[in-house]
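The same subunit A turns up in both complexes below, where it pairs with subunit B and then with subunit C.
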Partner chain A sequence: MTREKRIIGLSAIIVAALALLPFVPGAADSYLFFLLYLFFLYTIIGQAWNLVAGYTGQISLGQHAFFGLGAYTAALVWSRGLFGAEHVYYFDPLTLIASGLVAAAFALVIGFPLLSKLRGDYFALGTLGFGEIVRVAFVKGGSYTGGPFGIVLPSSLYESLRPHYWLGLGLAAGLTLLIFWIRRSSLGLALVAIRDDEMAASSNGVNVLKYKLVAFALGAFFTGMAGCLQAYYLFHVSPEGFLNLNWTLYPILIAVIGGSGTVLGPVIGALAVTVVFSYANIFFPELHPIFSGLAIILVMLFMPNGIMRLRFRGRA
Partner chain B sequence: MPEPVLKLERITKRFGGLTVLSSVDLQVDANQIVGLIGPNGAGKSTLFNVVTALYRPEEGIVFLDGKRITGAPPHRICRLGVARTFQLVRTYLTMTARENVMVAAVYGGGAMADAGRACDEALELVGLAASRDLITEHMTLSARRLLEMARALASRPRVILLDEPMAGLNASEIEEMIQVIRRARDERGLSVLWVEHKVDAIMRVCDRVVVLDHGVKISDGTPAETIVNPKVIEAYLGEPSS
Partner chain C sequence: MLDILSVRLVVEIFINGVLFGAMYGVAAVGLSLIFGTMRIIFIAQGTIIVLAAYVVYWLFNTFGLDPYLSLVVVAPLAFATGATTYRFLFRKAAAMADKNTSLLIAVGLMFLVQNVISFVWTPNPKSIITSYTAVGFEVFGSRISVTRSISLVIALAATAAVVLFLRRTLVGKAVRAASENMQAAMLMGIDPHRVNAIAFAIGFALAGAAGVALATTYPFDPYYGFSFALKALIALALGGIGNVVGALLGGILLGLIESFSSFFISAGWADAIAYAVFLLVLMFRPEGLFATSFKKA
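Our next item is the complex of A and B:
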């Protein structure tokens, strides 16, 4: 218990220090600042997958669809002025929430048939198929979605990376805190029961489909908001940039490397992935994917349960 | 006559062309322990799976306290008052013992406000109070069987279905389990439907014994009536006593 309190205290201090960092002169212009932004973005998508797969045991391979749906929601709402011409869309809470909600709504609509009919690998394949359908739909969306080129947003609004950084930090810390709370709540009991033994869970009164849907939609909600955040950074939402399978692979790597089914695992994993990717980018720009892939294989070989679970070794 | 707690009417279950249960009638009265025995493959576990809605029967109706429950999903069946354990133990391995029982205490249909107390009382009744913080993965088979029992009790059911709770236990663990089953009935006023291959334990404890053979009910009576029933003797002839 005291150990846990120390970790909570330390985390709070780190988050506070990170929140104050942009006030340090020059900090916001450094490469490190951009890396921290990426770290936050990776933490959000990693934690979202962690909630669905790590805690509830449902392997989703369609996270890129939710990331893309969130980004496209922001882009469409903004470029078409759907909330009114006077509305400020850049870093607008309403647009951000709408991105999350659209992704979550799709998760419910697609999750209902998939989760009630398919289990395990078949659910994973179903979500992969869903991701592909969404990608093709946006590519073929004609003038409405901008087709393969996508939608360009007014990048003249960009002043600095600070708002992205703060929003990313807030979402990453908020989602991590939410997962910490869920783990202790009765919702967490249901999710872990489903992961550990679905048949026992239903025989103990847990409405398995309902709680799978809750986890899936919650994960999609945060992934959608991450997509919106990234749209605010790139000002260009395209199938290539947002409905790319990487946005499903990254969260899996992040959660697995750090330790899925733990509260802090994806945070550690996101940090590791950010470092590995950026070094690979600097030293072997062409070989980046190979280098990154290799790092991941090594981690999985030597730390099959993730960094967070290393300390439990030898206990079981 | 008072309403039986659990009543099965003409339950028929087929898998493809194989009829596993043929028109089985069965009832469990209030506060009774009813044994369900029969050779391997007789359909005992299938019967439990039909009652708890893991399988849908081709024909037949299940009543709980006179109300039809067939057609409700598994979690509703539990909330209505039918709890169970599994032949191959199914516990939540990454959870502590107490968390395992909390799942049923919170979701099993009892009042949410009493969940904590129901959980601790159930652990107490099965004798696992001291192991409450153990991770289930590290518990012995007999402790896990008791844990499943505590989980069933924590959902505050009307009737519990026990599927071979003594399989794999040694003699002293079997005695312990018998005491737990008796206590569940006596202290909780529960009804129990109990599948078991340890026929001597069944004969000692049960108020009534039902015998299934190849999906057909061949006997239903007191233990004394059951052991002299020629059909039962025939069904068990050549069966290794286990």
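Our next item is the complex of A and C:
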């Protein structure tokens, strides 16, 4: 218990320090600042995937669809002025929440038939199919979605990376805290019970479908908001940039490297991935993707339970 | 009303669907074998096929080796590579109860191979043009290219070879036993690592054959492998996971769905339709369309 309290205290200090960092003169213009933004974004999508896979044991391969749905919601709401002409859309809380809700709604609609009928590999394949259908639908969406080119937003509004940084930090810290709380609540117990033995959980009165759906939709909600955040950064929402399968592979990589099924695992994983990617990008720009593939294989071969679980190797 | 022209058109779409679908089929047979013993979806299969296609391309351009003749080099090479890959990458993970480790190693391998290809051969699409690429013959008034027909023959022959191997040889029987029940197979003295290695080796050899078929008929780029693996996966689900002949038929069916929907609806939607069929099959007939009644799902 004291160890846990120490970790919580330390995390609070780190988050507070990170929140104050933009006030340091010159900090907001450095490359490190951008890397920290990336680190927050990766933490959010890693935690969101982990919620479904790490706790509930259902591997989703359709996260890029939720990321893209969130980004496209933000872009469509903005470019079409759906909330009224005088509304400010850049960093608009209403749009942010709408992005999450649209992704969550799709997760419920697709999750209900998939989760009630399929599990394990088949569920993973089903979500992959769903993701590809969403991608094709946006590519073929004609003038409404901008087709393969996507939607361009007015980038003249960009002043600095600070709002992205704070929003990213807030979402990442908030989601981590939420998962920490879920882990200790009856919801978390139910999720872990389902992962460990679905039959036993169900025979003890756990409504398996309901809990799986809640985890899936919650993961999609945060992934959608992350998509909205990234849309505010790139100002160009396209199938290539947002409905790319990388947005499914990255969260898996992040959660697995850090340790899936642990609260801080995705945070550590996001940090590791940010460092590896950016270093590889600086020192071997052409070889960078090769490096990432190699990193997955090496981690899986030598620490299949992730960095967080290294000390419990005997148990897992 | 169907006039002569539209009949000819339908025949052409049909034949193209079958010819292309056969390649999905071979990829799916490889997936099916590896899934059988390892219980993982080997997502890198498509990328291995593309790698084989690049090796064929390299042999053709460097040594002037005929693409079909290179099968003699590529297939045994792929066989050995498959066994080695299992030995060094999957052996440890295969023993674990958690299948995600193997799945993720396959994802990493796919990443690695496709980027190595794009580093070595550049990301631009490649294709092999031989003296006979343009040659074709007529069936019911439709022109069919010789290379595509040979690809179909390769697909059928490769699948037949795998079926014969599984039914007629002792090792094949061991692989079948292990896919049905690994625990029981182990009690009978079957070495799980050996069976897994054989499944991988044959899966890779099939990828080699599919690579030859792909290289001679269609242009390919390093990233094509992933979508190819997804198609193979759909073919596998249509045919029923663990059913070798079903996998080939599933591939051909998928080829037909794609070629008809891209003609009658639009090329861009063909993918979405294929995935929609895949989702429907997963949900309502997870044992596959061609499963015989006595087979377990």
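Observations on the structure shown:
Quick note on the criterion: the second predicted complex is superposed on the first by the 313 of 316 C-alpha atoms of A that agree within 3 Å, B and C clash if a C-alpha of one lies under 4 Å from a C-alpha of the other, contacts with A are read in each partner's own complex, and residues count from 1 in each chain.
Basically, a contact is a pair of C-beta atoms (placed from the backbone, for glycine too) under 8 Å apart; a residue touches a chain by one contact, two chains touch by 3 or more.
Source: prediction; values computed, not measured.
By the touch criterion stated above, A:Glu159 is placed in contact with neither subunit B nor subunit C. By the touch criterion defined above, A:Glu86 lies against neither subunit B nor subunit C after alignment on the C-alpha atoms of chain A. Taking subunit A as the reference chain, the count of touched residues is higher for C when subunit B and subunit C are set side by side.
Judged by the touch definition given at the top, the superposed model places A:Pro113 against subunit C, while subunit B stays out of reach.
By the document's definition of touching, of the two partners only subunit B reaches A:Gly205; subunit C does not. Of the two partner chains, subunit C is the only one touched by A:Lys140; subunit B is not. With both structures placed on the common chain, the touch criterion links A:Glu4 to neither subunit B nor subunit C.
In the superposition on chain A, A:Asp196 makes contact with subunit B only, while subunit C stays out of contact range.
In the superposition on chain A, contact of A:Ile290 is made with subunit C only, not with subunit B. For subunit A in complex with subunit B, the residues that touch the partner chain are 186, 189-190, 192-193, 195-197, 199-208, 261, 316.
If you check the complex, the residues on subunit B that touch subunit A are 52, 54, 73-75, 78-79, 83-84, 86, 90-95, 99, 102-104, 106-109, 137-138, 151, 155.
Here subunit C touches subunit A in the complex through residues 39-41, 89, 92-93, 96, 98-101, 103-105, 107-113, 115-116, 119, 226, 230, 233-234, 237, 266, 268-269, 271-272, 275-276, 278-279, 282-283, 286, going by the rule given at the top.
By the touch rule above, subunit A contacts subunit C in their complex via residues 53, 59, 113-114, 117-118, 121-122, 124-126, 128-130, 132-133, 136-137, 139-140, 245, 249, 252-253, 256, 260, 286-287, 289-290, 292-297, 300-301, 304.
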